[in-house]
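The following pair of complexes shares a single chain, chain A, combined with chain B in the former and chain C in the latter.
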Partner chain A sequence: MNRKIKEPVSFLLPLIFFIAAFLLFPVLGTFWNSLWQDVPFMARRFVAFDNYVGLMKDGQFWQASFFTIAFACISVSLEMAFGMITALILNEKSRLRGALRGIALIPWAIPSVIGARIWQLIFRYDYGVANITLKAIGIGPVNWLGTSAGAFAALVLADVWRTTPFVAIILLAGLQTVPDDVLKQAQIDGANIFQRFHRITLPMIKPIIMVAILFRTIDAMRVFDLIYVITGGGPGGTTASLSVYGYKFFLTGDFGYGSAVSVILFIIALTTAIIYMEIGKLRSQ
Partner chain B sequence: MARLLLENVTKIYGRDVFAAKDISFEVDPEEFTVLVGPSGCGKTTTLRLIAGLEELTSGEIYIDGRRVNDVSPKDRDVAMVFQNYALYPHMNVYDNMAFGLQMRKYTKSEIRESVIDAAKTLDITELLDRKPRQLSGGQRQRVALGRSIVRNPKLFLFDEPLSNLDAKMRVQMRAELARLHKKIHATIIYVTHDQVEAMTLGQKIVVLKDGEIQQIADPITLYKKPANRFVAGFIGSPPMNFIRGTIKKDPTHISCFCTDLVLTLKKEFERYVGRSVVIGIRPTDFSLVEGTQIPIIVDVIEPMGNELYIYGRCGSTMLVARVPEEAEPRVGQMHVLRVNPEKLYIFDEETEKAI
Partner chain C sequence: MLTCRRFLISITIFLLLFFGCKSGTPQLTFAVGGASNEVEYWERIVAAFADSTKIDVVLLRQPTDTDQRRQGLVIPLRSRQPDPDVFLMDVIWVGQFAASDWLQPLDSMVATGDVNLADFFEPIVNQVDTYQDSLYALPVYNDCGLLYFRKDLLVKYGLKPPVTWQQLIQSADFVQKNERVTNPSFFGFVWQGAQYEGLVCNFLEFAASNNGGITDSAGRIIVYTPENIEAADLMYDLIHKHKISPPNTYTEMKEEETRLTFENGNALYERNWPYAWALHNKDGSRVRGKVAVALLPRGRKGQHAATLGGWHIGISKFSDSKAEAMMLLKFVLSYATQKKLALNLGWNPGRSDLYEDTDVRIRMPHLGVLKNAFEHAVARPTSPYYTQISEILQQNQNAALSGRSLSDEALAKAQREIDEILQRYNE
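And then the complex of A and B:
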């Protein structure tokens, strides 16, 4: 190899090493594991795609996939909506702006397991704040965590509460890139506040919105801690996300099957990311 | 085209920051009025007040006799060109120009016609499909102008529109602006900190400092009869020389006794004997042949081609003067300047008003 090739390669090597060690190796390792039957007290046996065939016939798997996608779609939509509203409020000039920005970040700053535990207490049937409030205004009590619809709603609520600040901060950064003069110009051009938002602000921060959606969607699809703490996947496995579902097999020692679930989740998340990035590319062209 | 009237316009930020203090002036239809002053003088604030982008603290603004204090920017029928153009980055040039008309519910064919018309006026027809980021500074400037003329508004408000262009482009666009003004018979209010722009473009110039009007006049009056020391120093390049002194009577003349020199004044200043004053001399007003002699030691020579600017000192008094090449000044050597008493500007030392 001559110097011309050696030099750039030597610069790239550390990066390649890190990507290999921390990304490629685990991903490929998991995929490799998923091709084996690997349960306690039995010899490890190569089964090729048997685990995947099993998954296709597994009702619980389909249930978990459906739940994961529904959870991601609904909670990310709500987070984007509330995040945008919060960002717009935080972007307004006000004496309280600094304080408000700090306060808005609190849910994001609380460790997720603690946040989840708080929500679990809020949704308690007997003494949870949610039901006490509902009773006070004459509705309920609602069996939040005992019904699949209630548990789903509770999880979405908790996730929206926790990650709206994250979305708001990203969108706020976007809003701050929109020059004041451009909005003033639109005002002189006769655009009212809604037209200014829809025709000027929104298209200008679209790339940042795409990033926020991408981050949030991938994150929401991998949701684990929230569900693990609040519902444990219940009632009756109806709120098990793919992560929670896959985790259970690792817990019982069925590593091959659990790995297969993980690989499927990885493929779904990767596909989503690629789709978003392609949409972003098309838009910017 | 409209008449604009400002009456005692005041804008206070917070509790006591006067951005504009008691501003009153009138702009006649089709007049090119320039608001000029150093940064922070309140010129942009005044412009924004006229546009309706800022709220008045007190005073009145009339456009064509209609009080517009509480009228929203879009209903004032004004167009504004911002310093950084404020083009919509996600729209192509056509949509940038069409946006204002779309918001005002013009039909598609009307919009098309107006945009093409304006594009022709500014020679940007071939740019209509481009995005702002694909344009050069000068082209963006043209698009911003095009966007303002497309709607045929009553008033044009320009906020330092040329300051982001390079020197050559600026001169070119300046001429183009003057031409555009004549072509579309626009009433223009133009904000700049550049006195050359003000002098070359303005029919009427409003000089501002610290939120207050210093003088309103046409360019020649402003140059020849500045109302106070500030205007005298601000208009003209290089700026006027100022020398402090006291008016006294000697046996033959009325003279101003300064620290390092004595300047002969016109006879009519006899009634100011005893007054402390500041004498102003424009660098271009020094003469070769007649007037009071001022010997200076030359520090710096700036050749400008057919003439030279020399920077020197007479004792501790710093002076700058324009001299012809033939005068052949030398750095470090003495050079004698002469100044005619007729050419002196005299300001009261305390009030800084012209005497």
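And then the complex of A and C:
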């Protein structure tokens, strides 16, 4: 091998090694596992694509898939809206800017399990803050997590609360790349604040928005900790995301079946990422 | 020079790791888990065993979490490791381990008289420890569902402890109405309805007390029966019709939530495991000295029922020191050791004869009711894929409790899904 090839390859080698060790092999390994029937108390058995056939017939799996997609769509839309508003506020020049930025980041800085636990306590039936407040204004206690709609709303609320700061910080970075002189010029030309935002700011930070949406969508599709803590997938399995559903099989059940769920989740997330990236490319061309 | 030394160090570490893992002579390893005080106490028991037999035992400390404990045993057993030789198993694993052919039959111990089956509860030995006519394990610690009640409140309203669910509903409704005047968060009856394993245990009690159940006499999983639908309807009615159980029963109520509700003086009746007894009666509990236990009520068509829990001891089929392992088993199950476990850890003995022991009875007065309850014990199914079956039951029963589907629909759906699972694994 001549030096011209050897050198770049040797520089890339550590990276290739880490990607292989921590991404490629686990993904391929999970796929390999998904071709087996693997129950702790029985012999391991090669079943090819039977697990996938089983999943297609599994009502719970479909419910988890729809839940996951609905959760991702609704919570990401809300996070983008609130994140944008927060970022615009934080971008205004004021004496409080430093302090506000710090405060806005708090939900993101709290470990997600702890954040989820806080929301679970808020929604608790007997001594949760939500019900104590309702009782104080004379409305009877509500069993927030007891209906599928209530539990869904609670989960979206908790997710929006936690990840809006993340979106806001990314968008804020984008906002700061918008040159002041362009906005000033537009103002002199008579554009009002909405026109300036719509015609100048938004198009300029579009790539950043796409990045934020991509990150958040993939993250929301994999949601686990929040649901595991707040509802555990209940009531009646209506709030189980694909991760929560797959996890149950890893805990003690069928590793092959659980792996098949993971592989499908991986494919959905990958497809979403590719679609977003293609959209991004089209726009920028 | 430096690389040379590094090389030598890594070679040494490698050799240490390689040979350090191999054990030379067979030794007895005993896997135990649980709270730290329990593990500490096992240390003393194996020391006493070593004193009397000159056999050293290595204690393998497992975590507290039940699923992790199972995982810690499944891995060595699947790969046929000689250690651990002896281990404790949760009641629902015994059948799974026996079906996997991982357990040493203990029939020879019965034949030689090392253990006498008459010392144990017959329903427990039959339902849990016997698999295809062979004995594979024996109980070290027994557990089952109990009805706790506030004896002070029953006296105050001139009521007797309920024997049937009907009586429970009537008395709970009456007391709840009167207590609500001063305590708006008071409920008649608390139990475990959240979507987790505890719901299956509760359901099994409601079902079995109505002559239903999860398994039929041939061991098949049958849940869609009129008796079970009636039982599920009763569970729903307690929350939504009679309103004597709180609305968060099916979202939040697990053992600790019900225990705390009862302990704060906010409930008349409570379904819980025996562990709650000591906590209800400790310093700082608002119901200290006001609690008594009874059998869970029976339904229209059935008898009293109590779901079985507890830990059983068994020997690995792959053990390299089975004779010593059997001596350890005999020692752990002896009257003296079982008595020590009861007095020091508050464990409900595995042996039935200890329930009449005066010292034990003074320390644990509720054992009288408990002994009676074990005679009515019902076990959960012992299937290799019990976890999946339980998952289905939890989900569908929880849906029925929340009112998202009728009991009839929920159980029919559960049956369909269970049949699919059985089909998938038995192809």
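Simple rule for what comes next: the second predicted complex is superposed on the first by the 277 of 285 C-alpha atoms of A that agree within 3 Å, B and C clash if a C-alpha of one lies under 4 Å from a C-alpha of the other, contacts with A are read in each partner's own complex, and residues count from 1 in each chain.
Keep this in mind: a contact is a pair of C-beta atoms (placed from the backbone, for glycine too) under 8 Å apart; a residue touches a chain by one contact, two chains touch by 3 or more.
The structure displayed is predicted, hence computed values, not measured ones.
**Student:** In the superposed model on chain A, is it clash or fit for chain B and chain C?
**Tutor:** fit
**Student:** Contact-wise, after the overlay, does A:Lys248 reach chain B, chain C, both or neither (first, second, both, neither)?
**Tutor:** After superposing on A, A:Lys248 lies in contact with chain C but is clear of chain B.
**Student:** Taking the superposition as given, does A:Ile274 touch the first partner, chain B, the second, chain C, both, or neither?
**Tutor:** Neither partner.
**Student:** Quick one: is A:Gln185 in contact with chain B, with chain C, with both, or with neither? Answer first, second, both or neither.
**Tutor:** first
**Student:** Which partner does A:Arg199 contact after superposing on A: first (chain B), second (chain C), both, neither?
**Tutor:** first
**Student:** Using the superposed model, give me the angle at chain A's CA centre between the CA centres of chain B and chain C, as a multiple of 10 °.
**Tutor:** 150
**Student:** Which holds for A:Ala70: it touches chain B only (first), chain C only (second), both, or neither?
**Tutor:** The answer is neither, since A:Ala70 touches no partner chain.
**Student:** In this superposed model, does chain C or chain B come into contact with more residues of chain A?
**Tutor:** After superposition, C is the partner touching more of chain A.
**Student:** Just to confirm the value: shortest Cα separation between chain B and chain C in the superposed three-chain model, in whole Å.
**Tutor:** When the complexes share the chain A frame, the smallest chain B-chain C C-alpha distance is 52 Å.
**Student:** So which bits of chain A does chain B touch that chain C touches too?
**Tutor:** none
**Student:** Spell out the residues on chain B that touch chain A in their complex, using ranges where they run on.
**Tutor:** Where chain B meets chain A, its residues are 51, 53, 73-74, 78-80, 82-84, 86-90, 99-100, 103-104.
**Student:** Can you name the residues of chain C that touch chain A in the complex?
**Tutor:** My answer: residues 67, 70-71, 74, 78, 96-97, 99-100, 185, 194-196, 246-248, 250-252, 261, 384-385, 387-388, 391, 395-396, 398-400, 402, 404-405, 417, 420, 424-425.
**Student:** State the interface residues of chain A toward chain C in the complex, per the touch definition above.
**Tutor:** 37, 39-42, 50, 54, 57, 59-60, 124-126, 141, 143, 145-148, 231-238, 248-249, 251-254
**Student:** Which residues of chain A touch chain B in their complex?
**Tutor:** Those in contact with chain B are residues 179, 181-182, 184-191, 195, 199-200, 203-204, 206.
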